[in-house]
Amino acid sequence: MSMPARLTGVIPPVCTPMTPDGDVDTHSLLRLVDHLTGAGVSGLFLLGSTSEVAFLTDRGRRTVVETVTAHLDGSVPVLAGAIDMTTPRVLDHARTALAGGADAVVATVPFYTRTHPAEIERHFRLLRERTGAPVLAYDLPDAVQTKLDPDLVLALAADGVLAGIKDSSGDQAALREIITAGISGFSVLTGSELLVDTALLMGADGVVPGLGNVDPHGYVRLTRLCAAGDWERARSEQERLLALFPMVDVGSAERMGRGSASIGAFKAALRLRGVIDHATTAEPQIPLSDEEVGRVAGYLKAAGLL
Amino acid sequence: MSMPARLTGVIPPVCTPMTPDGDVDTHSLLRLVDHLTGAGVSGLFLLGSTSEVAFLTDRGRRTVVETVTAHLDGSVPVLAGAIDMTTPRVLDHARTALAGGADAVVATVPFYTRTHPAEIERHFRLLRERTGAPVLAYDLPDAVQTKLDPDLVLALAADGVLAGIKDSSGDQAALREIITAGISGFSVLTGSELLVDTALLMGADGVVPGLGNVDPHGYVRLTRLCAAGDWERARSEQERLLALFPMVDVGSAERMGRGSASIGAFKAALRLRGVIDHATTAEPQIPLSDEEVGRVAGYLKAAGLL
Amino acid sequence: MSMPARLTGVIPPVCTPMTPDGDVDTHSLLRLVDHLTGAGVSGLFLLGSTSEVAFLTDRGRRTVVETVTAHLDGSVPVLAGAIDMTTPRVLDHARTALAGGADAVVATVPFYTRTHPAEIERHFRLLRERTGAPVLAYDLPDAVQTKLDPDLVLALAADGVLAGIKDSSGDQAALREIITAGISGFSVLTGSELLVDTALLMGADGVVPGLGNVDPHGYVRLTRLCAAGDWERARSEQERLLALFPMVDVGSAERMGRGSASIGAFKAALRLRGVIDHATTAEPQIPLSDEEVGRVAGYLKAAGLL
Amino acid sequence: MSMPARLTGVIPPVCTPMTPDGDVDTHSLLRLVDHLTGAGVSGLFLLGSTSEVAFLTDRGRRTVVETVTAHLDGSVPVLAGAIDMTTPRVLDHARTALAGGADAVVATVPFYTRTHPAEIERHFRLLRERTGAPVLAYDLPDAVQTKLDPDLVLALAADGVLAGIKDSSGDQAALREIITAGISGFSVLTGSELLVDTALLMGADGVVPGLGNVDPHGYVRLTRLCAAGDWERARSEQERLLALFPMVDVGSAERMGRGSASIGAFKAALRLRGVIDHATTAEPQIPLSDEEVGRVAGYLKAAGLL
């Protein structure tokens, strides 16, 4: 599928199921994809942070993209993260993803190295020039330490360098500045899964919710209620999802990082719901204990998902 | 060469010369290696931050290691950075570097992802187990946001998991805690190029100075004066190098990041000294202007290096 | 006035007008208070960050509270910031403010010192016990480096220790967690002046907008539209205020800090609108230039406020 | 006493003993002062972070200065912290301290508010102009979030605005830049109590060690060995103090902040050594448990101090 002029609705960041050995579990991956598309999502975001892109080898990344695009056959657009430290390395990932069938690439600002607005601008311009593909900026300061400047985003959008943004910065005021500029052909997607109704009230185009792996139907309902202007029922749906979200905190902060806990909870939930075969997460992440998995199950039951 | 029981002296993080197209300039790289070994350095650290490892593609990284190890033929030990976000990706780089002839690998804690001490420990243990090679920890919180805990370093050192540390944290008190523990077979290297005399007074084994690319003779003299206990003359030599260091700030902070400025200055100096052919830095870094290169030359002249 | 069970509507953080010598300009302060109450605000927040509380001497702080409470004579509730580093110092400020007629005090977590959740809890419990007055927590991590944990806030609210929160953290997901808990007798106020409609959609009680000094009528209209469930017109009003807000950035970032720029802009706007006599800000803040004040005037004209 | 042209030797940041009710325990304070001066310290720094200045009320601060200066009667110079958020408030503290007999004031950059180099410069210039007294800059980014720029420090030193600096930033390279500039009449003091020998090797003038409350004799010996150029024995003395320092970590990080733990340990040690009557720390700090105090005693015994 080629990219639509504007991405809307729910575009979940697809978890990457793994075998107990840590390889990509392609069977489970395709069941997950069907689970998502069957719920009515309007696109898929592969190789994002929720997909454990930071942990996947180059081979694993390629497998994910090729497996999914071959299966989908163009039914919904596929975005692929090209996540690495700087332009030359991001370009390598972007080319592989595009060759594998992705419709667009998603890239952060440079990280690990100390960067600068002029370098960030150059980075995105080079990505666009050298791939020729739609490029979305991924604003994720928790991971890359640099908040994307809304003014730079808007300048790059107006120049046709950026086709969109996935905003996971949590900075709703900056997001609003981007939304209200109303750049044509530029898609504004929020990654803040607990603020979907408010983002759509502000005018955001779509949502990329990690929790959407677990309850894609809920997020699809939520975006449709917003599109219909039914803000009261939208709020209720959002609050239902809000009550489900604390599953990401069941993993003990004394034993593991917040990444291990949240990815571990999503995968545990997907396994409990029968979507994937194993809840394995990549090294060096720490697995949830049985007791913690039991608490994930409790959240699912309370939400009527188990 | 196999690794010595303890690394000492000067082990510079070797700059990666590039052609104007951004490829590794292997001819210049070997001239730089000869420039360093000719000055009496006791090892080389390839693919560190000063080597622009964050910018090098996988192919470029392999070229650097293979070019240098083939040339050296074991005369000094070669350390290679295996710099990536998490264990599976670091392992891929480590295996390639070791296959290419490196004697040891240097790795940071996980980054991009939110990590935890238990995950950091697991990360280094897996690197050691799965490579079988000497692993040095690279403490670089400016790049990876997490300061290595000295207690964890010492535990991993005592267990034989870590063969050493390259400390670029700037935290001299934490460094001292590691040094004074005096773990046998564990090398403590400081990356703080302006604090070599004081690190060696504390008992550090060696130094990994970025500025050592530009003036390796100075750093070799400095470590020898320290080894001889001549702290007054060591201080004078260190102060001479301190006066040379501000070359890293000639690049305008309004136009570029501090990485562009410092790597740009080192490469400009190496070109001015006739060691390498081009001062090209990798994308998306911003090049020094002619006026700024002129100021680098001024520093070299003042130091008697041009 | 005694405190209402729940604070709602617009409770602006009142700027502190100063004479050219830096003393509190009580005449201008009372004109500003009349400007705000005349617009229909439902309370006043004195001695907040927008009030330059960090710059006011103890004498200046006392003057502000006593001047305003004597003038108002109980017509709207008066909240007063008791802003200092730790419990004993905050208690001194709180007692002075309450003696001066304030109805409630607003306090941050400890700062300057390295703090801990157990110390934060003890801090608020002691403030409540030793003043006997309503205490609101002021969540302002930009100033105090520590984000208030929503779980702690809710526990203190449920215990009757906290009467409310002024959330200026920008973290809308955490704010939503507090709101949806729905603690009785606990007021949730947002300080995010560009996200009022979305905060009220989520269920927040009221808003503490710095920009409300400049356009209190706009904020009162906005909260009334939200209360009426007219989210489309609320969004339009919010977007109008969004367009006014960039006045806080006219002060050159090369010459001054963001505090100087934002407070300077608010005071320049109030002087231009004839509400206060001088735009003086406290030392060591840098004043806006005439050209920058001219740009503030441009924003006011564009918004129909001049 | 008037200030010497250059401060040298050991100038401990004096702990503030408190009664169980949290008032300044003046009897214990004077015993502590005698303990310090008897050991040969060359000055006293009152109202620093180690003195719990952030917790002391205005009255408590005044009591500390007046009590100590009346007792000393000019035998050693007395520096007093004037610690508050901005210029007007710092000036109030500075005037009180000078009126109370302090010989110089020590001030940080503005905090709580977002600051800027131009404002920091203005801050120190105003402090100097309006007090007429010697002003030392206190570089403590952990508390105030802003690292003092060495170039600004040197410019203010050269202009006679600053009489010295107390560097607790931990940034030894920046400290070295200031030291090597060699500004006449400007005293460079390090607050890094584990890096005294190396700081003095670099050329620092003196040291302000929190641990010097517990073992002033050790620090006096250490600085004398350095002054004599006996770097080997200096290192041994420093390593002995290094082994004593972990007492600051006996307080459980699960129960308390690092401030509570370190101040609590110093006060427990002083009480165990019979210098002060109570180990009380100010609210809302968490006290050490009996078991933790027992571990402090263990460190003292191991060091021959009990």
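Should a chain be cited, it is by its letter among A, B, C and D, assigned in written order, with residues numbered from 1 in that chain.
Simple rule for what comes next: a residue touches a chain if its C-beta (ideal position, glycine included) is under 8 Å from a C-beta of that chain, and two chains touch if they have at least 3 such contacts.
Keep in mind the model is a prediction, meaning the values are calculated, not measured.
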Co-neighbours of subunit C and subunit B - touch as defined: A, D
Chain of greatest Cα-centre distance to subunit D: A
Centroid distance [mean C-alpha coordinates] between subunit B and subunit A, Å: 35
Centroid spacing, where centroids are CA-atom means, of subunit A and subunit D in whole angstrom: 49
Subunit C, residues touching no fewer than two other chains: none
Chain contact graph, described as a line, ring, star, complete graph or other shape: ring
Pairs of chains, among all present, that meet the touch criterion: A-B, A-C, B-D, C-D
Residues of subunit C defined as touching subunit D within the complex: 22, 49, 54-58, 60, 83, 85-89, 92, 110-116, 118-120, 122-123, 126, 142-145, 255-260, 282-286
Complex contacts: residues of subunit B adjacent to subunit D: 170-173, 176-177, 180, 192, 194-195, 197-198, 201-203, 229, 231-232, 235, 239, 242
